[in-house]
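In this document, chain identifiers A, B, C and D correspond to the written order of the chains, with residue numbering beginning at 1 in each.
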Amino acid sequence: MTALVDAGLAPYDVEVVRADFPVLARTVSGHPLVYLDNASSSQKPRQVLDAEREFVEQHYSNVHRGVHTLSQEATDAYEAARTTVATFLGASDPHEVVFTKNATEAYNLVAYSFGNAAAGSRFSVGPGDEVCVTEMEHHSNLVPWQMLCERTGATLRWIPLTDDGRLDLTDLDTLVNERTKVLAFVHVSNILGTENPVDVLVARAREVGAFTLLDGAQSAPHQVVDVQRLGVDFFVLTGHKMLAPSGVGVLWGRKELLDAMPPFLGGGSMIEVVQMSGSTYAPAPERFEAGTPVISQAVALAAACDYLSALGLDRVAAHEQALTGRLLDGLHALDGVSVIGPATTESRGAAVSFAIEGVHPHDIGQSLDELGIAVRVGHHCAAPVCRRYGVPATTRASSYLYNTAGEVDALLEGIATVQRFWRR
Amino acid sequence: MADESLYQEIILDHYRNPHHKGLRDPYDVEVHHVNPTCGDEVTLRVRVADGVVSDVSYDGQGCSISQASTSVMTDLVIGRAVDEAMKTSEAFLALMQSRGQLEPDEDVLEDGIAFAGVSRYPARVKCALLGWMAWKDATAQAVAASSGGAA
Amino acid sequence: MTALVDAGLAPYDVEVVRADFPVLARTVSGHPLVYLDNASSSQKPRQVLDAEREFVEQHYSNVHRGVHTLSQEATDAYEAARTTVATFLGASDPHEVVFTKNATEAYNLVAYSFGNAAAGSRFSVGPGDEVCVTEMEHHSNLVPWQMLCERTGATLRWIPLTDDGRLDLTDLDTLVNERTKVLAFVHVSNILGTENPVDVLVARAREVGAFTLLDGAQSAPHQVVDVQRLGVDFFVLTGHKMLAPSGVGVLWGRKELLDAMPPFLGGGSMIEVVQMSGSTYAPAPERFEAGTPVISQAVALAAACDYLSALGLDRVAAHEQALTGRLLDGLHALDGVSVIGPATTESRGAAVSFAIEGVHPHDIGQSLDELGIAVRVGHHCAAPVCRRYGVPATTRASSYLYNTAGEVDALLEGIATVQRFWRR
Amino acid sequence: MADESLYQEIILDHYRNPHHKGLRDPYDVEVHHVNPTCGDEVTLRVRVADGVVSDVSYDGQGCSISQASTSVMTDLVIGRAVDEAMKTSEAFLALMQSRGQLEPDEDVLEDGIAFAGVSRYPARVKCALLGWMAWKDATAQAVAASSGGAA
């Protein structure tokens, strides 16, 4: 906080932020809602919903192909959204931003596009080639690569984990090697909270000429991202985790790559010349946006970027780090509770997985819900991580910009209550 | 803190003191079922003799709902004719799919009626069914094997 | 109208309908907006926007994986939307409804899934196999099949068009034959307005054991659809053309087929067991809904279905047919104006393409916009149709449930004004 | 009815009476460009002699904007040094991309200034550029061929 005040910024006023989110006024099971399921999806502020609604009520039409006023206005709004997202990500060119329906589509887009490349092309993947991921990937950045390898005969490799929830880079040089076509990895893990050393991994990928794809689903909502500084080839985010509605994600890719990659989804708007006997394709981003795009969702995502930028992602990150530290300290202080993932706030995000001895995560989640506290239980779409740490599932609390220290304390008390109930 | 409708005392009792737990011999068929969304799993053995479920034994890990419902299940099927036990299992399935709209029949489901509230929590229905589905699978296999042998 | 009154229904009051659509109160270039670009995308009524907003503001969370109250409520709303859409389409089982981001994703889903099938599977497509489409397909139901044929070595065939804008079925038995794996065709053409004889095509496909996919993007918004009566294997619609927001479409498919087809997009929620070395997949519809689905968009689509059902699609169809007849009559009466597509309302939808002698469609569209009239000009993502009829592009007016006879007349007058201006 | 800012009289004049239209000999390079979104097309020939654009001829179909801008283009490049003509083409491109924010220089663009308003209609910018892009392509090829020949 001192640093922020020193920098001339008003102190972060979480109550002002909370007032923008109608759902936070709700009660659940007779208790005020404590929403700590943000790694799964965030709530949406009025500003984002209002921006989308104003657009739909006054300027809506299909985009790109019309000369009439509404279609011009809709196209302008949609393309302005692209520019806003590009700026938000530090991209040099708005044409590097492809709108998808979620992050999952984006990984599949790259995997299928590579799979569609003619043998001998720089993108083609085949027997003898390798794709490398990590053992902490979300299923969405794992299964598309498994499927690609299955289709093409390539080999999938993965970087294993250490006991304290970090990447074990001992064998990095073997796992990422001259045969590696793609290194796809998560920026911040949704289950462990771990923030990975992008620089180390990118440096190794560059040495061997592998393409890099960074899964930013859990980083873009929480910290300043600069795709150029990160040095990756592709970066993926998903709108619904960063204040935007469901139904919109982003693939950022270097323009030079996007323009050269084979198409993925075929259809309207991604084409140049269509004859019955065959078609040619438009340059990026149109090439990868087949059909009517996610128009009003992109407009809403831009409003979410504006909201985050206005608040200041540095301040958001500082606020969240304080909450995460408080939660970690509290969990460490409880008997019979263990954290799965990094123990401190050092290089970690706001998602904190934990286990309570003798109580199953389902029962923890249900019992906390009875106290109004929303956490997520399960494998969090990262089943291999659960297997790695020998648990069937975890309980995960993940805070965001509208959470308070009081809510963290409520969770900690809730856990104590759960322990009392289930240990009777 | 307990929501009365979900964590009934009966459920908690069965969870804390499960009936018939532990894998036993002799048995005809052993199955292993998993609930992929939460990692719960059960290994279950069935012995069928003369058209009667003569024993069911099991081991596994899971939440209170899945553990308790497996325990209740063993009470309801052991010693019963296969046909009758299958009908009980259908009744339990119907209750679970009722979203709180069905009044359970205590004569049929006994302690199983405590799970009526679970049907209002769709995310937990699969937990309550894990042991039942494993039993049904194993029993069907056992019956098929024995009738196959008789043929 | 008489028939409606006889049936005990209140007469169709278009002014009451219009009041639900805020944008219709707009002016463009100083004139009241006349929105006749509905085949491209429709406007959205308050009821749909309100339903979406209420959901997002009070019940939003990610779906499917949580035990907390909000996630249960969100899951319930999302699955209830699936049931509503299933009922709207006459489907027997909600699990036959897969939510996609648009219609385009749905065609690609089927084409890629088939392409992913192992050789010898009932879905696999390879050299010697054929896919049949029509010459009037939207690019979105053409390019995915071109790409599939290119990937697999199969052959694409197409049913040609007659001079009056209908399918030329002379060679149907040759074009759809024992080698045909898929017959994919449009229910109602977005450029010609033609409604195709589904029964004839389905009968032939059944004779040879080909799968049928019906593109209902232009039928579902305008007429009662019953997928079981239509007898097809797959049916596709897109939300934004039927009062719902952009970002949601539907693939309906027979459950037995969907459960057996290989997956398309890989990722969260579509899996059963994930290990680093390989994964197994959930049954439909989850199998085809990888990642966070289009949650609030599905809720909005269900509200749109409810709106249409409450209004009565039969009444909507009758209203539109009256408008289409009025427009066709008016165009036929104008010198130098020709209709491209069926000349009467017989087996046709509300999209009417026309040409004005000596005036380029771009100039027509722009000039009409100066009168507040929004029509679409271009190839309407059906370039082969333009080529077939020897025009670079067409001007297309397409009405919907909120358009009036007065608006049709305004368009006809506008065309006369355009002719005067450009013939000076 | 005309929106003054888009359909300027100058544009309509060029559309109705296009300059230098029709394909002529002799020429060095012929190109065919298409605007895929609207089907407009132009076939264009260029002759370059001694570093000067000595002739440009064309045929094609398209809207008023594309036809008029091609006509204006021929006026602006025929008889000019290639370098100078390329600069004019850059100026026109900049104007088209300005979204109404640029004040065009009449000394450079002459009748081309009538297209300033088009830049506020993104859907029409491609129309206005069709002929220019074809000319640039053809001229670059002609220059490359002749310098290649000289080498």
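Annotations
Here, contacts are C-beta pairs under 8 Å (C-beta built on N, C-alpha and C of every residue); 3 or more make two chains touch, one makes a residue touch a chain.
If you're wondering where the values come from, they're calculated on a predicted model, not measured in any experiment.
Any chain bridging subunit A and subunit B, meaning touching each of them, is among C; the list is complete. Across the assembly, the mean Cα position most removed from that of subunit C is the one of B. Centroids built from CA atoms put subunit C at 31 Å from subunit A.
Chain centres here are Cα averages; for subunit A and subunit D they lie 46 Å apart.
For the pair subunit C and subunit D, the distance between mean C-alpha positions equals 39 Å.
For subunit B, the set of residues that touch two or more other chains comprises 36-37, 121, 124.
Multi-chain contact residues of subunit A (touching two or more other chains) are listed as 29, 65-67, 71, 271, 273, 362, 366, 377-378, 383.
Against subunit C, the residues of subunit D that register as touching in their complex are 1-3, 6-7, 12, 36-41, 61-65, 121, 124, 127. Subunit A makes touch with subunit D in their complex at residues 65-67, 71-72, 75-76, 271-273, 282.
Touching subunit C in their complex are the following residues of subunit A: 22-23, 26, 28-29, 33, 35, 37, 40-41, 43-44, 49, 53, 56-62, 65-71, 100-105, 107-108, 111-112, 116, 135, 138-144, 146-147, 150-151, 156, 158, 238, 240, 245-248, 263, 265-271, 273-279, 290-297, 362, 365-366, 368-369, 373-378, 380-381, 383-384, 387. Against subunit D, the residues of subunit C that register as touching in their complex are 29, 360-363, 366-367, 370-371, 377-379, 383, 386, 391-393, 417-418, 421-422, 424.
Per the touch definition, subunit D reaches subunit A in the complex via residues 34, 36-37, 121-124.
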